[in-house]
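The data blocks that follow each hold one structure.
The two complexes that follow have chain A in common; it is paired with chain B in the first and with chain C in the second.
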Partner chain A sequence: MKMIRTENITKKYKRYKKQEGVIGSIKGLFHREYEEKIAVDAFNMDVDEGEFIGLIGPNGAGKTTLVKMLTGIIAPTGGEIQVMGFYPNKLEKAFKRQYAVVMGQKSQLFFELTAEDTLRLFKEIYRIPEDEYRKNKNFFVELFQVQEIMDVQVRTLSLGERMKMELIVALLHNPKILFLDEPTIGLDAVASKQIRTFLKNINESRGTTILLTSHYMEDIKALCKRSIVVNYGRKIYDGDTDMLFEQYQKSKKMTIYFEHSVEPDVPEYCRILEKTNDKLVLEIPKQNTEKVLESYIGHYPIRDIGIEEEEIGSVVERIYKGV
Partner chain B sequence: MKDNFKFLIELMKLRLSHIMTFRLGFFGPFFIDTSYFLVQLFAFEAIYGHVDKIRGWGHGEILVFVGTFSLINALNMIIYFFGVISIPEKIQTGELDLYLTKPVNPLLRITFEKINPGSIPLLAFSACIIAYGVKEIDMGFSWSNIIKYLFLVFMMTILYYDMELLIRCCAFFVFSVNNLTKIEETAIGLCLKVPGIAFYGIYKFIFYCVLPYGIIATLPTQALIGALSVKGLFFGMAIVCIFTFFALSFWSYGVHRYESASS
Partner chain C sequence: MKKYLEIARAYMKAQLIWRADVFVDVILSVAKILFAWILWSILFEGKEQIAGLEFHTMISYYIISSYLFQMEKSAEISQQMTGMLRNGTFSKYMVIPVQTQGYFVAMEAGKLAFSSGIGFLATVLWFCLFRISIVHTVNLKILLCGIIMVILGLLFMALLNYFLGILTLKFEEISTFLMIKDNLSAVVTGAVIPLALLPEWMIAGMRFLPFYYVTYLPSMLFIGKCEDEAVTGLFVLSIWCIFFIVLNQVTYEHYRMKYDGAGI
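Right, the complex of A and B next:
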């Protein structure tokens, strides 16, 4: 069953082009020039039930605009859109009962109250019967191991704990689709990993269709079988995530902290991104990562070492150029 | 309807819990609103202490008028004022996004999510002034007039809401509604001090039909003192229906043209 279907969906905004200075502002009072900004351009997408899809793209690519159109927050300028058979911007209650959205930068929780209080309100919003409410709440609370913080003021929770609560609140009514807009933004590695494990569990055990937008390659790689890459509002890749990384991710970033000041040798195929007395940041061709790692470990006094996936911008640029 | 009621009860319980988290936040408004009310009363006494009659209304009628305005304003402050005034901010910051994605009417939620019990004493003060005014008028009151009065207080509370909503909904289309709220404040300030019966010609048209703050306390007062004609009653009801229709349509129009804020 198709959960989401879009055909040539487009979103255009009109922006006022202000001329420079006070004279420009005065002119603007009488005559205004507008420019058209295309946030999403003739976008086609089909999503099947139970899929876990990653929506990738740099800032301003149109990911959030797309999620806002799919959830009915904004109306598309053109094209056709159907989510579970509904036109989202009609904002029908029957539609809204079947999905949930978590926006990493907008909270649904009441900061001065406890997460338990917010859950009670959401029980009424979604009209969840008492026994189902208790069952779901206990399930998620146990899964996330958050028993201890359910009756703590939300504003005293850490960012990671708060995000767990956001997800519990969102999933309480068993949505068929979960839209996640940058859920791991600002989280440390441990919290991000917990969130990822949780999402994977939900997708597999409950069959919830999940659409995840993220800047972090780790999120996409760990969770999404299928990825859609967006740039300038257009779809530039739609397919297997492993293939995407295999084909377009050419390098990794390695950060090495030394115990004391050293002058390490850098292989010629590596690019130095940053170098101080006790820190070295390198861009390494993906296939040579292990070799470089071996050449440093044991040969230099290493305090810490980290390997990161290549930034999303570089991958997108490569797909765009077709190299 | 029953589900909305249960939701509203839960929303209000949350609001009360929220307010009571901060003791000063809970008790503060009682003192502030009481002080505000006393200032208004002194201002009224300063003006009307030297005026015998305004188009047939004496001191007693004016007291009923001021008490009624204060009563409707208190209902506004207790029930929906703080919710409705948050609409422009919710639109500008994109906070409205989360309201639109929930299966309850977003306007219903916004309207009742910031009830303010701090204004409850205002209700009692207003009732005292109305009672004092009634005593000064020294005339018999029929049950029919009292029922008409209570009905019109209810209707005018809705009208007050409509006006607040209409102005705040402009935030869907313009960057700031500050200048519009200044017009609102000025009109309310004027109509709180001068009863609608004192307006003539174009002013009467403006304050009865365009910015109908002029009828908010005037019509209920006329009903209570038995001076309201059937035509006047129907006029009041028609204005409330028209403004309610416009306010809800404007909200709905705005929501469907909402562009959200960039994240």
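Right, the complex of A and C next:
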């Protein structure tokens, strides 16, 4: 079953262009110039039930605009769009009961109250029967191990704890589709991993279709079988995530901290990004990562070592250039 | 309906968190009554009546109307809406299965339930402390009309402020509208001066406007004045409420579909 279907959807914004200075401001009182910005351009997308899709792209690529159109917050300027058979921007209640959205700064939690209070409110908003509410709440609370903080004022929770609560609130009514905008932003490695495990579990055990936008390659790689890459409002890649990284991710970033000041040898195929007495940051061709790692471990007094995926912007740029 | 009650309950609970706010609220209500007592005592010196009202009737009017005026905090709705639309957090209300108008009215009702309780206790306390012989109606029907009118009046103000909030979708900047509304309602509700002090033709004109019935008329009804206007008042206010419920629904749907500002 198709959960999402878009055909040539486009979104154009009109922006006021003001000339600089006081004179420009005064002129603007009488005559205004507007420019048109195409945020999403002839975008086609089909999503099947139960898919876990990554929406990737640099800032300003059009990802959030796309999610806003899919959730009905804004209307497309042109094209056709259907989510679970509904035209999203009508914002029918029957439609809104079937999806959930977790978007960065737009918290649904009551910061003055406890998470338990917010859950009780959402039980009524989504008309969840008492039995189902208890069952779902217990399931998520146990999955996330948050029993201890259910009665604590939300304001006092850490960012990671808050995101867990945000997800529980979003999933309480068993949505068919979950839209996630940067769910791991600002979280430490442990909390990010917990969130990823949780999302994977929800997708597999409940069959929830999930559309995830993230800047973190780790999120996309760990969770999404399929990825859609967006740039300048257009789709530039739609396919298997492994293939995407295999084909376009060329390098990794290795950060090494030494116990004391050393002068390490750097292989010629590596690019030095940063070098201090006790720290070395290298860009390494993907296929040589293991070799470089072996050449340092055991040969130098290493305090810590970290390997990161290549940042999303470089991958997108490569897809865009077709190299 | 149950969900809106739960929304109201959530906001009422949130009000109870900040203890300092609760105490300041009580102190402010008390200070206002004290100020009125001093002011009207001076004005009544050597006089039996002002604008047809005796001292105790006037002070009763002032305390009741200032209590009603203090209860009315719906300006928060428009301020909150405009802020959220512009900083991009308003959409969180759009994606949940509630009517945004209902959500904001319920939110206001929840906050009000708390502040009206506090205000009521403070008012009763001051009536006792100053040994003010409160002048009030003995007609239960009029009392009931007054209570319904207060509820409708507060509903109307919430709807009006919601309407002004919606205008952000069109104008983005609504502070001028808010300023006009604040000044107009402060004068027309009788909170600045009793409307009895105004010329008759002006009061006659105000009878077609809803503001007359928000603070002024219910206060007068509670002190046993203007009883013949009670039913007409309820009718006029109900019409205004229905008008704004429909207007808000239509305006919101119209503008939200057109709006695509960066901050939604």
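To be clear about the criterion, the second predicted complex is superposed on the first by the 323 of 323 C-alpha atoms of A that agree within 3 Å, B and C clash if a C-alpha of one lies under 4 Å from a C-alpha of the other, contacts with A are read in each partner's own complex, and residues count from 1 in each chain.
By our rule, a contact is a pair of C-beta atoms (placed from the backbone, for glycine too) under 8 Å apart; a residue touches a chain by one contact, two chains touch by 3 or more.
None of these values were measured; they are calculated from a predicted model.
Peer 1: Are chain B and chain C a fit on chain A, or do they clash, once the structures share the same frame?
Peer 2: Once both complexes are aligned on chain A, chain B and chain C clash.
Peer 1: Which partner does A:Q108 contact after superposing on A: first (chain B), second (chain C), both, neither?
Peer 2: both
Peer 1: Going by the contact rule set out at the top, does A:R97 touch chain B (first), chain C (second), both, or neither?
Peer 2: both
Peer 1: What is the contact status of A:G72 with respect to chain B (first) and chain C (second): first, second, both, or neither?
Peer 2: both
Peer 1: Output check: A:Y126 vs chain B and chain C. Expected answer is one of first, second, both, neither. What do you get?
Peer 2: It touches chain B and chain C both.
Peer 1: Is A:R32 touching the first partner chain B, the second partner chain C, both, or neither of them?
Peer 2: It touches nothing on chain B or chain C.
Peer 1: Based on the superposed arrangement, let me know which partner A:K18 touches: chain B (first), chain C (second), both, or neither?
Peer 2: neither
Peer 1: For A:D181, using the defined touch cut-off, is the partner it touches chain B, chain C, both, or neither? Pick first, second, both or neither.
Peer 2: First partner only, chain B.
Peer 1: Find the residues of chain A that appear in the contact set with chain B and again in the contact set with chain C.
Peer 2: 13, 68, 71-75, 89, 91, 93, 96-97, 99-101, 103, 105-106, 108, 110, 112-113, 117, 120-121, 123-127, 153
Peer 1: Mind listing the chain A positions that touch chain C in their complex?
Peer 2: Residue positions touching the partner: 11, 13, 68, 71-75, 89, 91, 93, 96-97, 99-101, 103, 105-108, 110, 112-113, 117-118, 120-127, 153.
Peer 1: Under the definition above, what is the set of chain B residues touching chain A in their complex?
Peer 2: Residues of chain B touching chain A: 3, 6-7, 10-11, 14, 17-18, 21-22, 94-95, 97-98, 100-104, 255-260, 262-263.
Peer 1: Name, in rising order, each residue of chain C that touches chain A in their complex.
Peer 2: Residues in contact with chain A: 2-3, 5-7, 10, 13-14, 17-18, 88-89, 91-92, 94-98, 257, 259-260, 262, 264.
Peer 1: Show which residues of chain A lie in contact with chain B when the two form their complex.
Peer 2: Touch residues, chain A against chain B: 13, 64, 68, 71-75, 89, 91, 93-94, 96-97, 99-101, 103, 105-106, 108, 110, 112-113, 117, 120-121, 123-127, 153, 181.
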